[in-house]
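Handing you a structure now.
Should a chain be cited, it is by its letter among A, B, C and D, assigned in written order, with residues numbered from 1 in that chain.
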Amino acid sequence: MNEMTSFDVEKIRKDFPIFEEKIHGKRLTFLDSGASAQKPTVVLDAVRDAYTHTYANVHRGVHYLSQKSTELYEGARETIRAHMNAESVDEIIFTKGTTEAINLVAHSFGLMSLKPGDEILLSYLEHHSNIVPWQLIAERTGATVKAVPINNDGELLMDQFTSMLSEKTKIVAVTHVSNAIGTVVPVKEIIDLAHAKGVPVLIDGSQAMPHMKVDVRALDADFYVFTGHKVFGPTGIGVLYAKNELLEKMPPYQGGGDMINRVTFEKTTFATGHSKFEAGTPPIVQAIGLGAAIDYINGIGFENIAAHEQALLSYATTQISALNNVKIIGQAKHKAAIVSFSMNGIHPHDIGTIIDQAGVAVRVGHHCAQPLMDFYDVPSTVRASFALYNNRDDVDALVASIKMVQEFFR
Amino acid sequence: MNEMTSFDVEKIRKDFPIFEEKIHGKRLTFLDSGASAQKPTVVLDAVRDAYTHTYANVHRGVHYLSQKSTELYEGARETIRAHMNAESVDEIIFTKGTTEAINLVAHSFGLMSLKPGDEILLSYLEHHSNIVPWQLIAERTGATVKAVPINNDGELLMDQFTSMLSEKTKIVAVTHVSNAIGTVVPVKEIIDLAHAKGVPVLIDGSQAMPHMKVDVRALDADFYVFTGHKVFGPTGIGVLYAKNELLEKMPPYQGGGDMINRVTFEKTTFATGHSKFEAGTPPIVQAIGLGAAIDYINGIGFENIAAHEQALLSYATTQISALNNVKIIGQAKHKAAIVSFSMNGIHPHDIGTIIDQAGVAVRVGHHCAQPLMDFYDVPSTVRASFALYNNRDDVDALVASIKMVQEFFR
Amino acid sequence: MLDDLKELYQEVILDHSKHPRNFGKITPCSHQGHGYNPLCGDTINVYLELDEHECVSNITFDGKGCAISTASASMMTDVIKGKKMNDANTLFENFRKLATGECEEIDAGEDTERLMVLAGVKQFPMRVKCATLPWHAMHTALIGETEISTE
Amino acid sequence: MLDDLKELYQEVILDHSKHPRNFGKITPCSHQGHGYNPLCGDTINVYLELDEHECVSNITFDGKGCAISTASASMMTDVIKGKKMNDANTLFENFRKLATGECEEIDAGEDTERLMVLAGVKQFPMRVKCATLPWHAMHTALIGETEISTE
């Protein structure tokens, strides 16, 4: 492939200082990027530079450092706007992460638009962060949470989606990519179907952003959320994209500094645009770090990343399928580079502990997707999730360590 | 003074790399720590090391990096528990900052305990972050926000407080130190008076933590909140201390990963302790950085810090008072090292712009305390706020630059 | 260091800020606009009278502001007085572009020079709002809204 | 690298995990406790019969768990069977201290050795909860609560 020539994974690995670490004396095989990704040096430098050269609080200061800090912070917002192709920076709200972003929408949009009997439509693929906020708001408003089922391969049943979408549905909230089993959900189709019935859609892009280019206007998403730490940025930062026309109608979520127009004890009026939803001192340096992370992946290019990851995914799938008594869970036609599996008679926690000794980092557990685990009738799985810095050696190390587990429990 | 011998401000300044910067070609005179403090190298190193040596998501992993990351994150919680003298780490909740912490309490505790006619008692010294969340919750519950007035020196009128505290009062929320004018509020007395009537108290410690040792058990505070970036830690992190007995009764605030016990679409049960209130991936590295910041200031010692800052405050107060047409706003007997002032006929914004050219960074504006500005009948003030790294040269530079302003507008 | 400052606080600006022209209220008046800057708490009210040809026959302002916003209001009222409503709106647009740095130069005929004086503010990004606040208030008065707040 | 692992997954543990003793339900039973680990979704139920001397006359468990929690439950039921209720609670306390590393050694008489076997888990902090889960379930059964969840 043409792109592959310009994509050198060994060079990319050098951008990530963590790969110099030894784990129990072994090479680090990091297959847990689905939980959180490692950080390239450019991100770490952006963070440190922001603190050492231009640090001050943003927005309210006329002095030099405050001005520079504000420029960098707002510059990161513009970077993210451009990356997602949002129309205006007013539509880019910085949050603590995906979880806060969804809670903000559930709370602000939800409280304003949900009545008893209304329905919130989710799917069986959702992360707890895209379930629990809706349950909390449903409880408060008398609305009901419904979930679109999946088939055994882990694909959303689109005919079920169509029939569950009704005049009672007030919002659809689905993941773009399943964190537990990798399914890529046809969100464009979902948005079109929902819009045909006048229903707004929130897309949880936490697992999509590291793997693909997302264009919120091409998707026509009403809300699109993601979390910084999974996309090679710092912890403590996330993004809510929301259409301006919705933001204008939505009441504030949290109250505090920076989101007000005028405060008196009798009456307070609120700012407009993203400011209305960014109460208090924002995660300034984390936003700047996230901007650097987005620049970094754009520098590599998503065609390159996707080609590399899909090649790894198919190699890993072939290798793991060939093992005795190992079952891959989730075999959707469109998948991101995530392989979830279980082993006959051996518990994921034991697998995780044993292969960790070989330096292999995978996630074992329910991946914050218990309804999906219930669907497959397993308490937990082993999940290997890949990112742009993984290579074939990582797959080989994983496979070797699984064989060791089998040996151990023979 | 004995402590002063062991406290060498010039040595301390070397711990903060920002002081190597030149501002418009001048030495940096940073008097804006009240808005956000600068970061010592140990904090920056803790942040970078966490990303380069031990980074992974916390809590849910059995692999080495996840375990190390969890140990560091939970270690920071223990550092903060010990620093505040909380009884248990379960009482230490990491938030995005003070603003989120207060919103959490207003929302979770407020919704659970406020009825129409109930009262929330604040003061005229509050930051918007300790006003607006209460207004939002008052609007939703039918409760009323009341504010205890102050005298002209900026001191809370304690007799007014006593008489405003009634059986209608369901919570008292006051600042420990005024961010706008530096008043140190007698919070112990307030807590005792409130407790005598069975009313719980939230203390906003944002401006206290950088300057004094706070013991939540000695105070018997029910809630105590602060923000990391003002106490030499990273942005994007704050702390809510809350008594366990209150946390147990309080419903969750945000929903998501990590705060649940078991999730199904029919019914979700929640975790206990701090976990119930920490939905989603927390600001992991920011918490670790905050732990390093707390260790740093404890290494210097609060007696040393307080003695140094109080000496600076009295030097600055004398120097500024001696200037023509300059009026210090807020002359409480107990003050932290914050000097707010205005100049006859010259607007704070013009002052800020002009002295910035001399490398002097102060904050001009309402300091997110508009009700206090209304009390003094000014739209804004100039605020010089000091921290442990400021010295007499900073005061001298400020005074020289004010003289320049006077020259300019003569 | 004083060069940028001198560019911002030119004599004419200091003069207008100390002795603002057209300061006061018109009561009653046909158009009124209120500007508020939440960053500093400053307020500017602009009062306007249009004659039967949609010409600004009188314009005044009052409120609390810094030297920049006061001078800007003072100079603006001088410039706008006697202008047609449409021309006033065009001047507003031109000035906005100049102050935010969107344009380097504008052609506003005889008013160009006076507008350029205020444009020194673009070297001070945090102060741009101070300069544009009265113009926004004037614009909202003309288009019939009553309050704007810049941010 | 295998040393720590061999310490954790000793033959006796693997044996108990593959062939758990006292697996099953007692219905009806006088005491029952349920343990749930939200991290992995594992569940353990412990069923107990006390005789008139407050002696554990019978104890069984069922549920889903990893090798560590299953072996721990299996070995625990072996140890607890026939013990006085008070002694069972003391053993619980001792084992908890051992597994969390609070104590290096304990004296539990003839049971010491069997408890020490399970204590290898303290090298694996994320697995301590697996080992203690059945013990917590047993303890809640005895003190009369019905559900605990470790975290």
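Observations on the model:
We adopt the following convention: a contact is a pair of C-beta atoms (placed from the backbone, for glycine too) under 8 Å apart; a residue touches a chain by one contact, two chains touch by 3 or more.
Source: prediction; values computed, not measured.
Traced through touching neighbours, the fewest hops from chain C to chain D number 2.
Farthest from chain B, judged by the mean position of CA atoms in each chain, is D.
Rounded to whole angstrom, the centroid-to-centroid distance between chain A and chain B, based on C-alpha atoms, equals 31 Å.
Per-chain Cα centroids separate chain A from chain D by 38 Å.
Here the spacing of chain B and chain D, counted between their Cα centres, is 46 Å. Residues of chain C in contact with at least two other chains: 39, 124, 126-127. Residues of chain B in contact with two or more other chains: 24, 60-62, 66, 260, 262, 349, 353, 364-365, 370. By the contact rule set out at the top, the touching chain pairs are A-B, A-C, A-D, B-C, B-D. Chain C meets chain A in the complex at residues 36, 38-39, 124-127, 149, 151. Listed in rising order, the residues of chain A touching chain C in the complex are 59-62, 66-67, 70-71, 260-262, 271-273, 275. Within the complex formed with chain C, the chain B residues making contact are 24-26, 346-350, 353-354, 357-358, 364-366, 370, 373, 379-380, 408-409. The touching residues of chain B, when paired with chain A in their complex, are 17-18, 21, 23-24, 28, 30, 32, 35-36, 38-39, 44, 47-48, 51-53, 55-57, 60-66, 96-100, 102-103, 106, 122, 127-129, 131-136, 145-147, 227, 229, 234-237, 252, 254-260, 262-265, 268, 279-286, 349, 352-353, 356, 359-365, 368, 370-371, 374. Only residues 1-2, 4-5, 8-9, 14, 39-43, 64-68, 124, 126-127, 130 of chain C touch chain B when the two sit together in their complex.
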